[in-house]
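Below, chain A partners chain B and then partners chain C, in two separate complexes.
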Partner chain A sequence: MATERARRGRPSWKRHSSGTFYLFVSPWVLGFALLTALPLGYALAISLTNFNGRSDRWRWVGLRNYAELMGDAEAIASLVRTLAYTAIAVPLMVAGGLGLAVLLNQRLKAVGLFRTIFFLPSVVPIVAMAIMWKLIFNRDAGILNAILEKISIGPIAWLVDPNAFYALIILTLWGLGGGMVIMLAALQGVPAELEEAARVDGATRWHVFRHVTVPIISPVIFFQVVTGIIASLQIIIQPLLLAQTGQVGNVGEVPETTHLYMVQVYQEFFVNSRYGYGSAMLFVFFLVILAITLFVQRSSRLWVHYTVDREADR
Partner chain B sequence: MTITKIPTPAPTVSTRRRARRPRRPAKTAGAYLLLMTLAILFAGPFAWLVLAALKTKAEWVSIPAKLLPEAPQWDNFTQALTEINFAAYLGNSMFLSFLYAILVTFSSAAVGFGFARLRGRGKRPLFVLLLSTMMLPQILTLIPTYVLFARVGLINTYWPWVLWGLAASPFLVFLFRQFFAGIPAELEDAAIIDGCGYGRIFLQIFLPLSRPVLLTSFLLSFTWIWGDYLGPALFLDPDQTTLSVAISAFYLDPHGNPDSTVQAAAAALYVVPVLVIFLFAQRYFIRGVVSSGLKG
Partner chain C sequence: MNAHSEFPLVGGGKPMFYGRISRRRLLSSSALLAAGAAAATPLLGACSASSGRSGGPSGNSKTVTLTVMYKTDELTKAHIADFESKNPGIKINFVEYDSTRLNAMLASNEPPDFVRAVAVGSSSANAQELYTALDPYMAKSSVLKPEHLLSVNDSFRWDGTRSGQGPYYGIVKDWSQDATLWYNRALFEGAKIQPLSTTEPISYDELLEIGKKLTKKSGGKTQVYGLGVEWAWGLSAPIMMMILQQGGQVYSADLTETDMTTPEALRALRWYVDFAQAGVGPTALDPAPDGADLSLFLAKRMAITQDGYWYGGNFVEESDEIKNNVAMAPAPVMGDKRISPTYVGWGAAIPSKAKHKDEAWKLMEYFMAGPPSEERAKSGWGIPALKAQLTMLPQELPYQKQAYQTQQAELQYAGQLPDSPYMVASDGWNTVLDKQLQRAIKKEITVEQAGKAITDEVNKLLKQGKDQIG
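== the complex of A and B ==
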């Protein structure tokens, strides 16, 4: 690095002022301030009021919203459901994505075609996804029950309790192709010599996978776990659209088992017009997500192996 | 499409196989069987959607479910186009998607250039902040943004999309930064010696070099807005909204229940642009997804 700089003459950072840098990054800095920091601060402020979104006759209520939230059985139940959904969906997504990637990383013909087929669902707009799956999950006319009845199961009412929860998981899993593509790229980055060497030393395929391949791609698996958790926690559209008439305003139609935390937040805001209380819910959720992310980050020290020094590419 | 070959730092998924020991035929057959079964599971919902779109109402509700329609009902598609003002919602979707995609691609490229090639005080903490906003659930800021924008009268206008577009996307900034960081410094050096400023270096050297990334960014962001539901549902009135909201909510039979066959036809039409874009530009999509997913 140093020799390269010497060759080029003046170090590159001396050729322009900090101003140039700030000019270029200003769209994001301003955008962050106005569209992320400001709304979050605003939410924090109104979470301390009884603002209802319309009337200007609001007043400060201090931490009353937060105190109420602590004893709100419905909100806490929706939080527990959301955590359960995440705990089930994320491992399935990550393992499924990895499994498909391993399958596609073999010496087989038409692998590209299969990759396309598996990846395709992950680019389908959520609305189309919900409409498709409602047609599949339809109790009487849906294909799923038609198939299940052939093997003498059902008919199952997929879109009402308690099965709505499983329907939501299935819908989520259909989109695991995005993760698969990332895992596949990671697998193709694993040096073949390492795996070969282990095989020569007598390790079984499973042992090579478990003790050579997985540790090498563990940073990618970790990234998938973290982004998967964050995506699962904030899920809202899927339960709303899988509900009976599939309109976003009809929160009341969402079955109890898929009445997740963000659905509850939506209800407080747009059905009950309790903006203050809803904002408090958002803020608590922000802290929950932060805590979970930090926890996973910490745990990563135990199982994520960084083969390259991450500081080195600075 | 002419895309100049340039070294790209973003890893691409290749289907090229690595040298492996020969496999036993039985195992290979098993792998194919598994792949075929999975392919049916993943492609099945598309097929069922199209089949539903081609059925009569009677066929759709018949028990047990019929797989194939007796005669394809193309009329469902005509109805999908005429029952609601499909063209107008399509226009809204197109307009918003183009508007956002163009703005966000340009702004993210500029920010990515800043982080890749320029220096300034506090650059590292800023970049860490940018990366951590990738982790911030969008939904947490979306509802307060709605409340805020409602107060200043930006609801039922397209201004939110202009602002979101101008504000750059952390995901795309990261994509551009990775790409720009891999471009040799000599190009920049030569331009500086010739008296070129960073504005011109960005516009006349880096942007033309980054056509594949620009395309990736444009296509990804276009499909985000095309598929977005909550944004238009919250920020736009029913007459100004996009296809995604219209399709989910406006196809109703006289009893107020979803008009399934017509809705299926509309949904099929709505997915087509995304599928076409995806199949046409698969490798760009994959590069976009992969290069932002491999580095934390």
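== the complex of A and C ==
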């Protein structure tokens, strides 16, 4: 009886926990339905049409866009280029971020200042960053060639093929401070006693780093790899802004080596006015990204070490 | 499904699903819709208030809100205030011009009432019936009649199959014959070269030779470019002009195909390859720092630049050293026919699904024949679209007077660039030309192979456009 009274005395929202749950998650569910699921469905429908983005003269074309994409040499070439860019940029970003984090995890004077300096590029707006690098890379007036000239190199046309690809990699690496901060946080979470124990056992600094530190921070490295791959595959603003005019719309001036998949998508949408085909390209790309992510996820069993036993939790 | 399918992707105003529906289901659906609409009203009201969508009364029941999509520096706040004061029943909701946003508004059947539009290349939009024929309005107007308009406006005409004839679907704001040349006499004198004639056109081949002589290089860097062709702004218009000057054709008679392997087309392509390989001016492989020739020209690092009359507007505020040395020359020629077209011709149009066309026409009259048009003409930033305003072009400074005279003579050679309605791809020509020319410049392919590749790729785009237009 007392229990019943106590139960009845509780606020109604506490008595109906499932209802409360749904009430609290409803803003997200609504947002997801209206802002994610609906546009996705809309885009999927567009991918089955020949819609040109502005006229109501369009029709269903079924899977024609998808079939055409399978034989589109330009789209496939841009995909291969994007995979190559990702294969180069992501390891450099992760290793670079880790290397910087290790350096800035030492007891140095003014270490906070150094951390700030290395992190600053990550908060520079991407457009400003691309414009700045465009000036740095300029063949005749850029500071990079002015420096290289001092050691009798150049001038190098950085913004045209084949150097445009390297310019894009350099620009990408400039922003590795963001990864550095995450790696730094991970390094600071490594128990010092474990490293000391290894040293007591005779391990060198490299062995400690290789066999103790890296395995402990491997979940963070895994996170960096996965998010890095997804971000690198979707890169678009940098190649567009590094192009000749620096105007996003001028896809024609994007050098061939930096004409990546998303640039090709942009071209199909906003230059060729093929919204249907562009949408199909995006859905196929989604599957490619999903497959790569799943592959990396699968491979993580071999190299990612969790400090808690996930199997035991199940 | 026919070509104009029922699928409601683009807001065609048709129901999402067809089929029989019971009265009971209709009523229940209507009740649901009404409830949904009631729930959504505050949200929609907020949207409407924030966007200022046209269509409804705004404060005063007789006031119409006109949604105008233009550029702030072309249709200024002062112009809008002046127009509103002269037309108390019209309020303007100004939207900054953005082609992607415009397309979205057109696609959703919620277009602006008055919009910035381009004359050269308008046939694709007209074939899709996106804009309103202005002839009925012109017939009633006293300030904007066909006989008032310079021939540049013909690019806005569309007879149902091709541009250049039929009703007007827009009016040009101002324009230029964009192949004309501007040069710096001091750089010619420094190189001991006779300056270009301001009355007789030079041939493209001679121009390239002079460009080579004017180019100065040192240590792998270019100190002075002999000739700039505004490469980053597009290659299709000048190449089409070169083909027309030789008596060639860009499109087949039915406008569905191109052939860039003709002798005329190959000669034009070869000129561009020679120009780039000679390194006399910025190209896609040696881009200008800011993608335009102006800063190089003003820095006296470029001797000749190929720009229209509008370019003269840049020099008014410059030093005497610049003002006293610049001069304008006629468009060069490749072949026997002297043709000097506009490459662009920005103007305005009234979308076919605009809600306030009469009020939009009032703005058209004000903008194209009223104070803003006179301001534009007097500024020298382009040639007016009305014959009567030609005399307003500035002639105060010596270079302005010289440019005025050259421009007056050039007008008689104004021609119209070909325009296929099936080129739906907005920048399709330029993208293809740039890509294939780069390959030819790098000697990965020959000019003939480039011509064949351009033909194939552009024909593919035309085929896609035909598929979209139907």
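We adopt the following convention: the second predicted complex is superposed on the first by the 291 of 314 C-alpha atoms of A that agree within 3 Å, B and C clash if a C-alpha of one lies under 4 Å from a C-alpha of the other, contacts with A are read in each partner's own complex, and residues count from 1 in each chain.
What we mean here is this: a contact is a pair of C-beta atoms (placed from the backbone, for glycine too) under 8 Å apart; a residue touches a chain by one contact, two chains touch by 3 or more.
Note that the structure is predicted; figures quoted are calculated from it, not measured.
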Which of chain B and chain C A:Ala141 touches, first, second, both or neither: both
Touching partner for A:Gly53 - first (chain B), second (chain C), both, neither: both
Which of chain B and chain C A:Ser152 touches, first, second, both or neither: neither
A:Tyr42 touches, of chain B and chain C: first, second, both or neither? both
More chain A residues in contact [chain B versus chain C]: B
Touched partner set for A:Val111, first chain B, second chain C, both or neither: first
Doubly contacted chain A residues - partners chain C and chain B: 42, 46, 53, 135, 138, 140-141, 149, 245-247
Contact footprint of chain A on chain C as seen in their complex: 1-5, 7, 9-12, 99-100, 102-104, 106-107, 109, 128, 130, 219-222, 231-233, 284-292, 424-428, 430-435, 438, 442, 461, 464-465, 467-470
Footprint of chain A on chain B - complex, ascending: 11-15, 17-21, 23, 28, 31-32, 34-35, 38-39, 42-46, 48-49, 52, 60-65, 67, 107-108, 110-111, 113-115, 117-121, 123, 126, 129-130, 133, 135-141, 143-145, 147-148, 150, 163-164, 166-168, 170, 173, 185, 188-189, 192, 198, 202, 223, 226-230, 233, 244-245, 247-249, 252, 256-258, 260, 263-264, 267, 270-271, 274-275, 278-279, 282, 285-286, 289-290, 293-294, 296
Chain B contact footprint on chain A (complex, rising order): 8, 12-13, 15-16, 18-25, 27-32, 34-36, 38-40, 42-43, 46, 53, 100, 103-104, 106-108, 111-112, 114-121, 123-128, 130-136, 138, 140-143, 145-146, 149, 174, 177-179, 181-182, 184-186, 188-189, 192, 199, 219-220, 222-224, 226-227, 230, 233-234, 236-237, 241, 245-248, 262, 265-266, 269, 275, 278-279, 282, 285-286, 289, 293
Chain C partner contacts - residues on chain A that touch it in the complex: 42, 45-46, 49-60, 135, 138-141, 149, 154-155, 157, 159-161, 244-247, 249-253, 256, 267, 270-274
